[in-house]
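Each of the next two complexes has chain A plus one other chain: chain B in the first, chain C in the second.
Then we have the complex of A and B:
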């Protein structure tokens, strides 16, 4: 394989990986923007979404797409429960307490996953994995293409929901200034609950979409959390478009670095990227003066 | 006044009894429990390290176990590969940890809120990834083995029984250092920065300076624990950069009581001894069940008792603090309803 088509191949792989990161990060940035907390359990929502899709597909015998679609409302519910149990009681009690409680919840979800789905590696088999397209020396499965499209459609849907609908505007208003939003009759508590559910649903969808591409493991949640964090740092807090750009960039970076330099050093390179970005730009590349 | 004096006398007597117990303990325990006692001591020092940052500075330093591992790897490399003495290993490890802390602290401590947490977690990830990937130096996932046994003036700490006293001596030194630190002008300045950074700044306290002092102290304590750990097990691998040690010590500090001297001790006893009780239950995946139980307990602590077990006892039995309940009910990471009333 010549260098040109290899680069192109990494580009295609990077885009499909990046689309998952986009979906992961838009939910993350939403919860950060509206709730003003760092949700350490966000990666676990992603992991749980993957496993829920897997279980619906393998145990309940549903098709892959119905399983993904059922996962989304189920994860909304999980997010809402996490909010009611671990985050709402700590509202207004300082900055650290909700972070610590989501840390506890993250470990809770991860250890439950280790109990429920122990041992072997799990991969969702879909018929799309067998269909391979190839042109100009680049090949990719239909599943990769569909994953990319599904992730982008969901992100676009979220964007239009936030921009055009009343509920979406209420969410954005709460994220910009909660007190002012309350003054015009938006319930801050309801918005926080809704944002948390929506954020978990999006992470769960990302997990469901990654299921057929990479095998699932209960430890993948923490890795996903770091990627979501990097995307938010790249794209700026609370910005959906920033998350799209940042997610695709991170996917491309990971594919190129992993493919051309070294796969085992990729995590180190990404962590170093976080520190370098923050050393140069203390609020992320396009960060604003919001979350503290 | 009388009551206070009596309580203080009781408190000091209690401490003496505990110290005597700690010194006499090895004569009562078998090898297995001795081993656990040393592990508990290492956990206590590690948890104390986190407590300096989280409890006295209000910084959620989720990357501090990197210092534990860095010190362990420095001493392992120097003693195994260069054949140097373990005491040179200790000095080099602590020196290395101070340098690393100053370097990463100069980036991290200028950042606010989530960004500080992010840099520290990223730093932990870099250390873990390097230990795993630079396998020609660090031995990769199989780690480094056969570290030398520490010895001083011909006395070799070769058995668990002897090592216990080495660990206990180190623990007492660490306790003394932290006690003197938090009860000094520096400690009060740190508390001022924790409670209100802007106010402290306006009073001439440089927040960055005091954060750095606490941050380096955290690194030194964690490094000391890492050295003790590496020479006790005589083995080190990238697993120590993982979430196991981090979660256990966060749990120990929070459930014991952040911002108290006794908190890490109570918490570490809890975190090592409770799994021993659970271990008696013949169930598969007991490790995952332990994490489920611990996570639920941690969540309950944060929600219901953020001052921790030691903080709760202090509030209940310390007369001086009972008079001003608002002070003692404080938790360094969570405001309570009492705090919120203006």
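Then we have the complex of A and C:
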């Protein structure tokens, strides 16, 4: 394989991986914007979404896509419950308490996953994995293509929901000025609950989409959380378009670094990148707002 | 219309409001004046439900609204224009105004109110596609008031509308508020540090000092009051 087609291959791999990071990060940035908390459990929503899709597919015998689609409302419910139990009681009690609470929830979800899905690593098999397209020396499975399309369609749907619908605008208003939102009649409590549900649903969808590409493990949540953080650092807080750019960039970085240097050193490089970005641009590469 | 009886608000052990009793009748323009830190904003935030009171009763149109959430109080028609404008910076001017009509469904009526706001503040129509955060201070104040009017207030709570504006803008803003009160019959509770302007347009006034009402009278009488003159008008 010559260098040109190898680079192109990594580019294609990076885009499909990055599209999942986009979906993971838009949910993360949404909950951060509306609830003003750092949700440490966000990666666990992603992991749980992956396993839910896996179980719906393997145990309930659903097709892969119906399993993904069912995962979305199920994870919305999980997010709403997590909010009611672990986040809402701490509203207005400072910055640290909700973070610690979501950290506890993260470990709780991870421990449950270890109990429910012990042992072997899970991979979702779909017929799309058997269809391979190749041209110009580059080959990719139909699954990668569909994953990319599904992630982008969901992200676009979220963008239009936030820009065009009344409920979406109310969410944006709450994230921009909570008091003013209350003063025009928007219930902040309802918005926070809804944002948390939506955030978990998006993370769950991302988990469902990663299932056929990479095997699932209960420990994947924390790694996903760090990736979501990096995307927000790259793209800026609260910006959907920033998350799209940041997510795709991170996917490409991972693919190129993994393909050209070493896959095992990728996390090291990524975490070093966080430190460099924070030192040079504390507001993120494209961010205007402080991350505090 | 609004009856506040023996209101107390504490920040920790410190009383921000003590024994405050204030009333606003329908169609009145009432002002609460006082120095920085006298408790004026605390008073408005407590009426609108952003803050909780520790004692006392707030009634609006015969209904006890003490302890209700801010968004429920908004539904009743008490609309606060917060201090420092509080626009949604990353939404367009038009979106900000639309958010003011969040509780309404009737598109035709919303459109009509929007036209009224535009005729009151033509600059907002010109800037309707611009992000609110990029507006000047005066324009943001107009937007904040415009958004409040979109909520079709029964009682408008105005918090320091003159803050940070040039004298010329303060004057035109004062005229606008006076016009809304006189021509549209809007009931207004105005909190101001610009005592001269506030008393000139108000029907009645209260003087707040360290969280307590120390004086209440007709606005014209307060303008002539020696103590008010010395403390707030610098004469």
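Observations on the model:
Quick note on the criterion: the second predicted complex is superposed on the first by the 289 of 292 C-alpha atoms of A that agree within 3 Å, B and C clash if a C-alpha of one lies under 4 Å from a C-alpha of the other, contacts with A are read in each partner's own complex, and residues count from 1 in each chain.
Everything below uses one rule, namely that contacts are C-beta pairs under 8 Å (C-beta built on N, C-alpha and C of every residue); 3 or more make two chains touch, one makes a residue touch a chain.
Note that the coordinates shown come from a computational prediction; the quantities given were computed from them, not determined experimentally.
Contacts of A:182 after superposition: chain C is touched, whereas chain B is not reached. Legend: residue contacts after superposition of the two complexes on their common chain; A:86 is shown touching chain B, with no touch to chain C. Of the two partners chain B and chain C, more chain A residues are in touch with B. Contacts of A:264 after superposition on the shared chain: chain B is touched, whereas chain C is not. In the superposition on chain A, contact of A:5 is made with neither chain B nor chain C.
In the superposition on chain A, contact of A:139 is made with neither chain B nor chain C. Using the contact criterion defined above for the overlaid structures, shared-chain residue A:165 touches neither chain B nor chain C, since it reaches no partner. In the superposition on chain A, A:173 makes contact with chain C only, while chain B stays out of contact range.
Residue contacts after overlaying the shared chain place A:58 against neither chain B nor chain C. In the superposed pair of complexes, A:104 makes contact with chain B only, with no contact to chain C.
On chain A, the surface touched by chain B in one complex and the surface touched by chain C in the other have no residue in common. The residues of chain A lying in touch with chain B in their complex are 32, 38, 85-86, 89-90, 92-97, 99-101, 103-105, 107-108, 110-112, 114-115, 118, 222, 226, 229, 233, 262, 264-265, 267-268, 270-272, 274-275, 278-279, 282-284, 291-292.
Chain A makes touch with chain C in their complex at residues 166, 169-170, 172-173, 176-177, 179-189. Residues of chain C touching chain A in their complex: 48-50, 69-71, 74-75, 79-80, 82, 86-91, 95, 98-100, 102-103, 147, 151.
Within the complex formed with chain A, the chain B residues making contact are 58, 60, 62, 104, 107, 110-115, 117-119, 121-123, 125-126, 129-130, 132-133, 243, 247, 250, 254, 285, 288-289, 291-292, 294-296, 298-299, 302-303, 306, 333-336, 340.
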